[in-house]
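First the structure, then my questions, so here it is.
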Amino acid sequence: MTAFVYQFLAFAYQVADVFAFLVLAAGGLAIIFGMMGIINMAHGEFITCGAYVTTALVRAGLPLPVGIVMGALFAGVLGIALERTIVRRFYNRPIDSLVVTWGVSLIATQGALLVLGSAWTSVGTPLGSIGFGDYSFALYRLVMLAVAIGVLVGLYLLFMKTRFGVHARATMQNPAMARALGVPTERIYAQTFGLGAALAGLAGGVYAPTLTLSPTMGTGFVVESFVTVVVGGADVLTGTAPASAVLAIIRAACTAAWGQVFGLIGLLVTVCIVIRVLPEGFSGWLMRRRA
Amino acid sequence: MPTETLLELADLCSGYGSTPVLQGIDLSVQRGEIVAVIGRNGVGKTTMMRCLIGQLRAWSGSIRFKGNEISSRPPEVRAHLGFGYIPQGREVFPRMTVEENLRVGEMIGARTDAKLYDIVYEFFPILAERRQQKAGTMSGGQQQQLAIGRAMIGNPGLLLLDEPSEGIQPSIVQDITRVMQRVNRELGTTILFVEQNLDVILALAHRCYVMDKGRIVAERSAEELQDREVAKRDLQI
Amino acid sequence: MTLRDIPVLFNGPQTLGRGKLFWLGVAAVIVAAAIYPQYAERFAISNTAYFGVWVFMALGLGLIWGYGGMLSFGQTAFFGLAGYAYGVIAINLGAAHSYPFLALICALAIGTAFAAVLGYFMIYGGINGVFVGIVTLSVTLAFATFMNQTAGPQWRIGRARLNGYNGMTRIPSLSIDWLDGHRIRFEGATFYYLVLGLLVVTYLALRVLVNSRFGNVLVGTRENPERVELLGYDVRRYQLGAFTIGGFLASLSGALYTAWGNFIVPASMALPAAAMPIIWVAVGGREDLTATLVGSFVVLYVFQALTVVSQEYALVAIGALLVVTVLIAPGGYVIWAVDMASRLRRRAGPSPPLSDPALKARTQRG
Amino acid sequence: MSMLRNLAIASAAGLMLGVSAAAALADDKPPLKIGLLEDHSGDIAIFTMPKVHGAHLAVDEINAAGGILGRKLEIIEYDPQFDNAKFQEFARRLIEKDGVQVIFGAATSASREAIRPIIDKDNALLFYAQQYEGGVCDGNMIGTGGVPEQQFSTLIPYMMEKYGKKVYVIAADYNFGQISTEWTRKLVTEAGGQILGAELIPLGVSQFGQTIQNIQKAKPDWLMTLVVGNAQSAFYEQAAAAGLHIPMGSSITIGLGFEHKRFKPPTMQGMHVVMNWFEEIDRPAAKAFVARWHAKYPNETYINDMGENEYSAIYMYKKLAEMAGSFDLDKIRAQIATGKACIDAPEGQICIDPKSQHASHQMTLLSVNADHSVKVEKVWPRVDPYWLGQIGCDLTKDDPKEQYTPSNLPSK
């Protein structure tokens, strides 16, 4: 009996772990996509950026949480800069925006390789581990889950309870009308892009201690974040969150049963099915059901 | 009647792509007036409204508001200056609640601190009742009331109404007409609207411009409009 | 049809370049390309053929994206599938007789069929806009991921081990037996002539296609699908047609690439590889076949020249080129150059250069 | 310590002096071009840059000493950036355009397999200076790195004796990992042990929560880790954070990836690895080599086994050419067939085995302490690459150009 409980706990821990990964990896991408219909191909580079800034600051002696926050802020500022200089020219050309952000991503990755070299020493995972029966878990991964949930709650409050949120949602639904009512939509776009980039930076910072840093590390998040956004659709709260939960269960179950390869393949098969059945993802489907 | 000129258009030209629609509009609105622009379908009334709020660029000519040239200002700045825009087809934010829709309107007339929630809810009791309802699930008439309420929240100096009666039940049209008169009377809000519905025009307008082929071709006083024959001719030009 | 009608087939509103001068130029380029192997060294010939191999995929993407308005991120999936199909079949049949040629035909059929099925699911499933890009990318990555894990000995088809991440090597080159038993092996200059011939045929065939009703409907759909539908066309059929032809051309690239290098790996489908065709097509000009063709060649050449110096700088440069192109010349630099040239000419002389309706439409949208 | 340093400086100085005379002589012949095809950037560049440095160090020393057969060496190099198609493209360019006959390079098995057909077709020579999964029987390739019979048949019996017979394997899901897993399975079961689980992990995967749980559930005595690349090396960090304290064995960590220098202690505690070279090897020639290296490349974190193997490979080429009195491949192979092609590498003497054309090595087993210092547990003075010869590969007689594995043996 206790063995079963431990078994269940272990599975739940795995699901939670994947859930946190997907929410953090995809949150920033989903916000930008939901707001502007733009697929930010440089998403992975913002993750990398957050990870490097965090690591650099921790190595310079700052505490990890401060490093993570600074990493997120730095990525956010870079995001706003990218939006102001390049992305804003492409709001009515979503496909070109995909191409142009891909170009930016190439420049960023290869530029980072040139400047930073190919790998950095990690700062080490803080906190210890706790044991249950045969298993032991890293406590830090529970912190990641807490951060992921915190991000979702934070986004809920931001979008539902603040003036920025009201303006952002209005802009999302009808930018021309929002503008005619005095909403500074350009600023909203820049801020949202910055927010998406900052969330990507946050993901990078949070995962930095557990990974080997390299300029190409962002690509390790990209496939998962695309999958989550496609399955979730254009809205973070009604899309990304449930999509992450469902995908986490599928991935954890496939990995537990058949190994890592099938965990990954399970994800990709799910995407293909969801796209055929719900072309606009979970949130699109929910929206149409409610309307 | 006050005599200060609030809005003045001079030789305004605009259009879509390379197709001209407005070919030199001249009109002016005094503070506190209710002015209608009437004309057949497709003469450029909605184009003029979109040009006024700034969704469409003015090719040439001028738009003066309180004496300042604003034709190169973006829409949000015009809203901050006090333009309250109620577009054709309402364009409420469907997936936001009534209250949230109203909150978006707060940016209008940015400098005024007092936001008129109480007054809007008093004028449109249905909005108070459905505060938490998603705007997309309401009827056309309710949405029109919401669109007007949304534009009024920030106490704008000038309301721009584009065909307020279009697609709405006659009884609600009458309600809306009455509210607009109260708004004008009690808040002193200036109103410029375009319309084809003669009843609404007669009930609301102090003065009237007749538009055809992108130009103002005539101006009518309220008295002249009472002559149904004149009005009908103007609408069918 | 008389001889006089033939030029009409190749020219039309959907392609730039017309008139005697243009076609004389085309002929000159073909002749120059044909005598080139007489004067070039072995590596250069083989390398030029290698560039040519990629251009089929670029032309296919130009058709899907430039003319059809659907950004496919999945051309390398068809490329890879056909490459693997060629490898598996050619290894199993062996290099005797015309078996490698048979393998090529089968590989093209498999790649094209897959494109048709995927296209059917997407286009008839109502997927459009950026989602076409994400779906095709997901499929490509899924396929690459799957092929990456086929390293184990259980992953074999007949005599062919799939070999996972390492990919398949020692795949027979393309060869064909003539009736008299004389064998032609497509290696070196022979392979070069094969690619050249196929390129000329493909280019001309695509010109005919896009200037036919098919091309007009396709472009109309890109600009305004509702209106084309109102005119009574089944828009989706045309889109599927374009997608399938694009898939066929990517398959051709894949099978030829595999036959040329005797080699295919999953990495030739994964993310960095999948983005390359988009770069060639976007930078050169996607809405015109000639621009795609010329642009792809130039980008491939410049990119290779840069990688010899430094791979990192080459990728930074290609990224920068992409960003700058999309910012300054969204239609691609070849079209931009043509446009600039005609603008200059207009300033200089009386001939009205913007009379070409296709060019006119482009400049307005730009 | 200071004596060692003096020795190093003295030998370097001696080298310089003795050489300048010969150098004058070498100038009139055109330099001999050799190809160097290693990643300068990309996913595994931190591990392959020492190969680049090793090659340049060796070439500089050889040129300073007068070159080979009176000809100086000129390195022509490209950066394939971990892209196997680029490896092919550049291998072709090196042979067909730049006219080199010998290429030093390729790190992953995938890149080696990508270029081997090209090398074979043009009858060039590839020095593959890399520890790998073994089994390549190809007359156009000389392997100067460790192979499984050198690494696994030393490490596995040691681990089974010291820690127990129940083993769990995690490996990168491509040929290297697959074949190394095969080797582990073969050696563990032959010695009466048991493989509790073997998990193959796709390249690029960086999340190991489930894997760590699977290991905990299986309760092995020790763990064989054959993970590859930056993403997968996160396993160690995550396993340590999850409290998975278990003895580990590997054929690629520490000596290749110098994880004990890159990760925060005590992440790598309990790791055991057998290799022919570690920077920590305590031997005068090794110390002098390390001093020369760091004098030329002061920023090098660690000289890994690839770096030393590449360095030795160039000296091996020099030795072979001098024995043959020619750069001709057939003459060089005739010298290999004598079995007398030996050099004194920094690690100790290495000789090329005539049957397989792989190098014999002195093998060292290191374990990693909690503070990431290392301890030499055992040394095998000479281990020959015997397996290929045993199963019937004999390049002096026949050249199948195949790669064999325990499950894919020659057909006769």
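Order of writing sets the chain letters: A, B, C and D. Residues in each chain are counted from 1.
Criterion: a residue touches a chain if its C-beta (ideal position, glycine included) is under 8 Å from a C-beta of that chain, and two chains touch if they have at least 3 such contacts.
Owing to the predicted nature of the structure, the values given are computational and were not obtained by experimental measurement.
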Please identify each chain that touches chain A as well as chain B. none
Based on the averaged CA atom positions, which chain is farthest from chain B? D
Most central chain, judged by mean Cα position vs. mean of all protein Cα atoms, is A
Quick one: chain A and chain D, Cα centre-to-centre, how many Å? 38
Between chain A and chain C, the Cα-mean centres are separated in Å by 34
Taking each chain's mean CA coordinate, chain B and chain C are separated, in whole Å, by 54
Where in chain A do residues touch two or more other chains at once? 110, 113-114, 219, 261, 264
Where chain D touches two or more other chains, by residue: 41-42, 173, 200, 202
Every chain pair in contact, whichever chains are involved: A-B, A-C, A-D, C-D
Contacting residues of chain B [partner chain A, same complex]: 53-55, 74-76, 78-80, 85, 87, 91, 93-96, 100-101, 103-108, 110, 134, 136-137, 150-151, 154
Which positions of chain D touch chain C when the two form their complex? 40-42, 78-81, 83-86, 88-89, 92-93, 96-97, 109-110, 113-114, 116-117, 173-175, 177-178, 200, 202-203, 405, 407-408
Report the residues of chain A in contact with chain C in the complex, numbered from low to high. 37-39, 86, 89-90, 93-96, 98-100, 102-107, 109-111, 113-114, 219, 222-223, 226-227, 229-230, 261, 264-265, 268-269, 271-272, 275-276, 279
Give the list of chain C residues in touch with chain D in this complex. 41-44, 46-47, 50, 145, 148-149, 151-153, 163-167, 169-170, 261-263, 265, 267-268, 272-273, 304, 307-308, 310-312
List of chain A residues in touch with chain B within their complex: 163, 166-167, 169-170, 173-174, 176-185, 287, 290-291
